[in-house]
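Below you'll find the structures, each written out as structure tokens.
Okay, so chain A shows up in both of these, paired with chain B first and chain C after.
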Partner chain A sequence: MRSTLIRPIPGFVLALVVAALLSACGGSPPPQGKVYRHSIDGTPTSLDPAQSATIYSSVVVVNVFDTLYRYKYLARPYELTPNLALGLPEVSDDGLVYTFRIRDDARFTDDPAFAGGIGRAVTVHDLVYSLQRHFDPATRSRGAWLWQGRIVGMAEWAEAGADYDRPVEGLKPIDDDTLEVHLLEPFPQLTYTFATAFSALVPREAVEHHGREFAIRPVGSGPFRLTSFDSARATFEANPHFVRDPLDLAAEGFDPERHAGLGLESLDGGRYPFLDGLEIHFIEENAARWSSFARGNEVHNVMVPNEQVDRVLARRSPIRFTDEIEAKYHGMAGLEAGFVYGGFNMDDPRFGHHPDPDQDAANRAFRCAVRDAFDWQARNDTFYYGLAEVFPGVIPPVVPEFDPTLSEASITRDVEGARQRLAEYGWDEASLPTLTYGFVSAVQQRQMFEQLRAQLGDIGYPVDRLVPETFATFGDYYEAVKTLRVDLFYLAWTLDYPDAQNTLQLFYGPNASPGSNNFNYRNPEFDALYERSRTMQPGPERTALYREMNRMVIDDCVTISGLSRTRIHLWHKDAIMVPDREILAGYFMRFVDLVEPDQADG
Partner chain B sequence: MNPGADAPLTADVDARTPLQDARAAFLADRWAVTGLLTVLVCFIMALGAWLGLWATGWSELGDQRWAGPSADHWLGTNLLGQDIFQRAVASTRTAFEVGVLVAVASTVLGAVLGGLAGYSAGSWIDSIILWLKGTLDAIPFYLFVAAVAFALKGNPWAMHIAMTATFWTTTGRLVRGEVLRLKNREFVEAARALGLPHRIVLFRHILPNTVPVLLVQATITFVAAIKSEVILSFLGLGIQDGVSWGLMIAESSQEVLAGHYMNFIAASGFLFVLVMGFNLFADGLQDALDPKRAVKR
Partner chain C sequence: MNTLRLVLRKLAGGIPLVLGVTLISFVLMVYYGPDLTYTLLSKNPTAEEIASVRAQLGYDRPFWWRYIDYLRELVTLDFGHSFSSGERVTSLLARTLPVSLALLAPGFVLGNLLGIAFGLLAAWHRGGWIDKLIMGFSVVGMSISFLVVIVAFQALFGVVLGWFPVRGWNVHDLPSYLYYVTVPTLASVFVALGYNTRFFRAVLVEELGRDHVRTARAFGAGPLSVMMKNVLMNAMIPIVTRVLFSIPLVVVSGSLLIESYFGIPGIGKATFEAITSGDQPVLKAVVGLTALLFVVILIAADVLYTWLDPRVSLDRAEAA
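Right after this comes the complex of A and B.
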């Protein structure tokens, strides 16, 4: 799960309170040598893979830990490729048994948790342990939904007390490097799930040794080792134990035309990571991040502030950078693998599900009226440079199941229609419910709130009925969404894997809060289709089911959706890289190299 | 020197009550009157916004983002096309709401606790109040506000509560000193001799004599509250719903980099005028109420 605010911004309380808690790793000297400095717009709330529910956490997690699979560095659309695994899994004919083999040369970083303080070899037992942790109530996993009801014996193992010394029937290590996973039903996305940060391999010794501090003292086998972490930054040094085959640019999807002029050719055949160190700066304010980037504090910037767009872009369609920007930076733009959306908490009978069919219909009319009042074009123009792609429903353009022929009625502003809906179902100024709208206390989030409130005012919704509730951090806000403290929310979803199932599961009844279904949408017909589709291999039949589910969500006005943003990446010319913020943001960092400034100029 | 010329003047001054004397001194201070008039103009602006007479469209969206000043938008528009002048005027209401509430609450709390401490100086009551004051003073203000905001989980009054809890201590300290000075005066001893209970002595006879101190301190607290509100709103810890100069300055922090200055100019300009007006007013009031003024003169 990769929920983010559109542009989550500062948390003063976080700076004051959490910094003290997270400073336990502080004190290490800054990394020396070739150090890539990266900035991101939010602060991780935990570095434990089981808690890595935000993109900010996963950026760190995929650099510290290993996953069986990752996505090819340069290939788009995204293509899965082995990481810790040796090749793709063998799958039984009935699709119920997957056999994974992993490298025998991977080692965890040195840590006092290990005998003699020396990192030991990674085995499939670590994968078994890491999966078990998700189902241990003590872990309070945010990623268990990925494998919920999938693995034979996992539910029974959890019910029996989550004893790690007891095996799970469906997870059978053949030897240290081979694991059989037995499924309750076919799960075509299983391999994808082993590329998520949730699936990262953690060593049991380190989890038990560090206890709750494991969330800020992660020990993994990834390309980097965390040396310090606080609310402002995380620093890393290269993991000397990390061994992978040399970089094969062609296999990673290198396109001489698309990637011309970036210097990537020099990396071909090299051993990664190429860096000596890595710094990730957490700068939530767009303007501050831009300013820091322009001063050279960071190498890379994504999400150019609205105020700077005219300085950055000479043309918007197709995108062309200004001469000033082209002279100073490398740049790239592309549609995100995800989308932003608004959502209702359907658990609230004032406007959500209601046992009385008449009231249920009236509630639906209210939600649809709010959706009709929402002006996506204005949202796009105001906050996304007018470059985003607005689309109906919850299947974003980046996945193959996207339906370009779908009616755009749900994303077209219709003030008169909204008023009629309200009048038809007896909603008037006295009866319209008060909605609590939550957001992170930050300038852009507040502006988004004000824009929404004014748009709702156009359909006769009293402005004082949309009540803002602000939160210091994205973590606080997300917690409030999970605990149903806000009625209306605005979030972003970055795909965990390029399959529309990853967004449709957001509406699956059994995934209701605290699961990934923040809407708490419960529609038996939807759930039946979802359950039917989830064992199906990709193909026209499954796509048809996906699109049918998409239509249900639109018809029920559960969500105000959606918009996929165009990401504008800029990076200094001394960096050889192709940055990415999608799917598993952060994987690209192992392939980053830096050159001397004079070489970059040349 | 002409003693004959001085005599009638002295007689005239002596005929005025202290209040009349202070009023005359205040009106004779040109800067203080300017300050008072500035505050009055701002107050009328705030009152009109509060009554819905003007600045009612501060949250309405417009078609033109970052428009320059014009007849339609005197100070231009912001990113959402909202009228900056209306937002600045509506923020005056926010400033007065916060300023008045915090000033009144802090002054009352400071007077009561400071009075109790001073009247019972040396006792356990005094010790507890002094300990509480010292503890609150020892906590950095913004850290304290952040902690209160966190503890109250988004309560819209968190900022007011935090400010009041912090600002009363200065008032309390001043009142304690005044009460210590007054409690051995003859009129207090006379009240005690009549057998009046302590609470009557304190609240009817002593505290009314600290009013000049309270008045001056209230104006200072008012200004401090307004400034703090702006800073807290800028940091995202202040106003939850509505508009404030702090929020406008926070917006402008992103806009000035691209050459859009009106949000910043409007918010900081209004803030400057009100704070300056109040400072001039407070200084004049302090001088006018200063009992040593007559001696100096």
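Right after this comes the complex of A and C.
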């Protein structure tokens, strides 16, 4: 045996280690100065505004790019305020022409895509280009639906080959800072759409220079410039070219009572962003996120995971933190801008729409019985620590059109009533249909299914008739819903803008699968009201229509709805801020400031 | 010359392996993997938009054409762009692979070296309390879930003691590397040590009972000399086989749990995300390169065998 010949083995391993080490150590040192480290519970895949359909991507996008509008930092319910725009738009009397003016001092960050590598001024031509991109098939936009069928000439532009050198009839730059948008019909939510991440202004040079990698090398004019991005975190530095008026805390919705003790007053009149750097850490694992927060010098914030609720709260209603938590951290709780709900595939004649009025009525009775069997309180207590808000219908509490006086019958469990409904319409053990309930393969989803199955058993529905169909990923599940392969589903909806139209469109007939109407609900009366309300400006008349549509959805038992989850946020006291996880609120990071720990309250 | 001939022959022999692995994995990706169509679409898509996205993803093309494309990509090492992020797959690999290597190499080396050391110790004291103690710890290491070890180590070293970060990978020089790599390394060594020690002990105990070892001891060789020269050297073939064949998992697959929980952007996390999101270009690259690496490892193992043990001839290796 030649013992010397074993030397290549440790040598090889050592070389491997050294090579890897040298390569992996090539990162840049961490940013200096005031760096806020934010944690969020998911990871974005694309940072291209056109694909920013998730909370995780939009929170990055709105900090790198500019949008015309944003939501006020502290005002709740959410209120629009100008961002890149100078004031709200001028709207023609017929509601068909919007005139937007933007600031003339905004500049894109420096990037090799620009001449000399120096970022140029932002103009309304960038907004035109950014809107056009959504209708170019090569972009694979996930936000085109916001403006589909709205802007004059956009469909024709797309059909003619999406040539960016050709103008769109309805997008008329008056000068570099003024744009007229001509609409096919009044679209009161247009201004809201210009506060979504989808609407962020991108420079054509950068998109063309970086090609598909623009999605990971975004170039914008927002308060921060992206310096690195991977599956664990994104790092940013303050954009030195970013200029906005000083922060007016009162105008942002500061409430001395609600925001007492958070130190926000010190920010009033300051120039933002206040930070030198920003890091957003994508931490999907609850235990890791909590430990990182608890360590004290890693991430500054955490959205409290369910398993920590008992440790954090002394009382749930109203929410009060334990003394220990209050001494160490700042905390705040609020309802999500969205809700979770169950739904039926109404395309299935066994329990959905049916051409025979008698059978249609019987099917409705069946759906209502299932809904009446569902125990929202148990769902809330079991899976949301009893902190969520259960509400009737599909207009959630965070939108102004929410009706607090609406009957709660549709969210009140009524086992006897459900049994009577079934008996009245001749449903018995032999005739009750089998339902396929789809969900992503995960422990909690399985538990939710079992809870529903047990509750349906209470009204005499045979347990073997509710059949689980599991999917490995949410993508698979979503595809199954879109292709009508599940009869009953449980989903969440996050508001794109705080207007009930955003949720009511989920029931509009022409939006049926594969559109956003996963229920495939088709009710001509509902559709007529929806079309009528679609062009109406906000006001009591439109709110009345919204509420009428909401009642229709409840009466037809299309959905089992709904529940808005409570988000509990904690953050270290050296961070001067009010965090928010909603898709509407990623803008808050430009207002975050840090103080030395010994200066922090408490 | 013999070595070159062996390498070429083994390379040729590796082609069916690569074809088999890539074909099976591609069947799984295409027919059982997630369909990204609806994930990439806008909310109210038309039939034309659905068809357009499917065409962009290549879903509308016949399976065999797509598979031939895959092989072409493997030969040219150009896998295009990630479906999800748009990043070039080669850039993604270049960015994540070194991180996984740097993360996992210390644990890999330490786990094997300590495993051999404890294996030697346990084998020498076979049946004694030292053997029982080492085997007891091995069973403990094997029995505790890796996830529990990670979370416990994060809490202990990060939160309670505060010596190391809970998570992160802000590596820019050697001190920062040691700062971020220590706890993941401890966690992986803790778990790997149990499996490694048991395996190495079994191999070494078998070698310890052979005639030549008894002869060496009869000649008066000391325990250290016997264990290192007579036992360890003659047991190198199974040890090297185990170590070499675990390299592809370390190099390519990385460690999903470690990378996810410690927030480290390595290839393991990228692979897991590609699996769950149906990002076929990334998956094709990882699977194809893993297969290629296995072929290289097979060749390296054959060559190493002949170096380690002259009784293994290249001619016989070729014949095999």
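As a convention for this text, the second predicted complex is superposed on the first by the 409 of 602 C-alpha atoms of A that agree within 3 Å, B and C clash if a C-alpha of one lies under 4 Å from a C-alpha of the other, contacts with A are read in each partner's own complex, and residues count from 1 in each chain.
Note that in this section contacts are C-beta pairs under 8 Å (C-beta built on N, C-alpha and C of every residue); 3 or more make two chains touch, one makes a residue touch a chain.
Keep in mind that what you see is a predicted model, and the values were worked out from it rather than measured.
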What is the contact status of A:446 with respect to chain B (first) and chain C (second): first, second, both, or neither? first
So in the superposed three-chain picture, is A:515 touching just chain B, just chain C, both, or none of them (first/second/both/neither)? second
Based on the superposed arrangement, let me know which partner A:48 touches: chain B (first), chain C (second), both, or neither? second
Of chain B and chain C, which one touches more residues of chain A? C
Which partner does A:322 reach: the first (chain B), the second (chain C), both, or neither? neither
I'd like to know which partner A:281 touches here: chain B for first, chain C for second, both or neither. second
Touching A:472, do we find chain B (first), chain C (second), both, or neither? both
Taking the superposition on A as described, I'd like to know which of chain B and chain C A:145 touches: first, second, both or neither. second
In the superposed arrangement, which partner chain does A:455 touch: chain B (first), chain C (second), both, or neither? first
May I ask you to decide whether A:189 touches chain B, chain C, both, or neither, giving the answer as first, second, both or neither? neither
Common interface residues of chain A - those touching chain B in one complex and chain C in the other: 9, 13, 16-17, 285, 287, 291, 472
Can you list the residues on chain C that touch chain A in the complex? 34-45, 49-50, 52-53, 56, 81, 84-88, 91, 95-96, 98-99, 101-103, 105-106, 108-109, 151, 154-155, 158-159, 162, 165-174, 176-177, 229, 233-234, 236, 240, 243, 259-265, 269-270, 273, 276-278, 304, 307-310
Which residues of chain B touch chain A in their complex? 59-61, 65, 79-80, 82, 142-143, 146-147, 149-150, 154, 235-237, 240-241, 247, 250-251, 253-255, 257-258, 260
How about chain A: which of its residues touch chain B in the complex? 9-10, 12-13, 16-17, 285-287, 290-291, 305-308, 310-311, 378, 382, 441-444, 446-447, 450-451, 453-455, 457, 463, 467-472
The residues of chain A that touch chain C in their complex are 1-3, 5-6, 8-9, 13, 16-17, 19-21, 23-30, 43, 45-46, 48, 51, 134, 137, 140-145, 148, 211-216, 230-233, 281-285, 287-288, 291-292, 294-296, 298, 472-473, 475-476, 478-479, 482, 511, 514-516
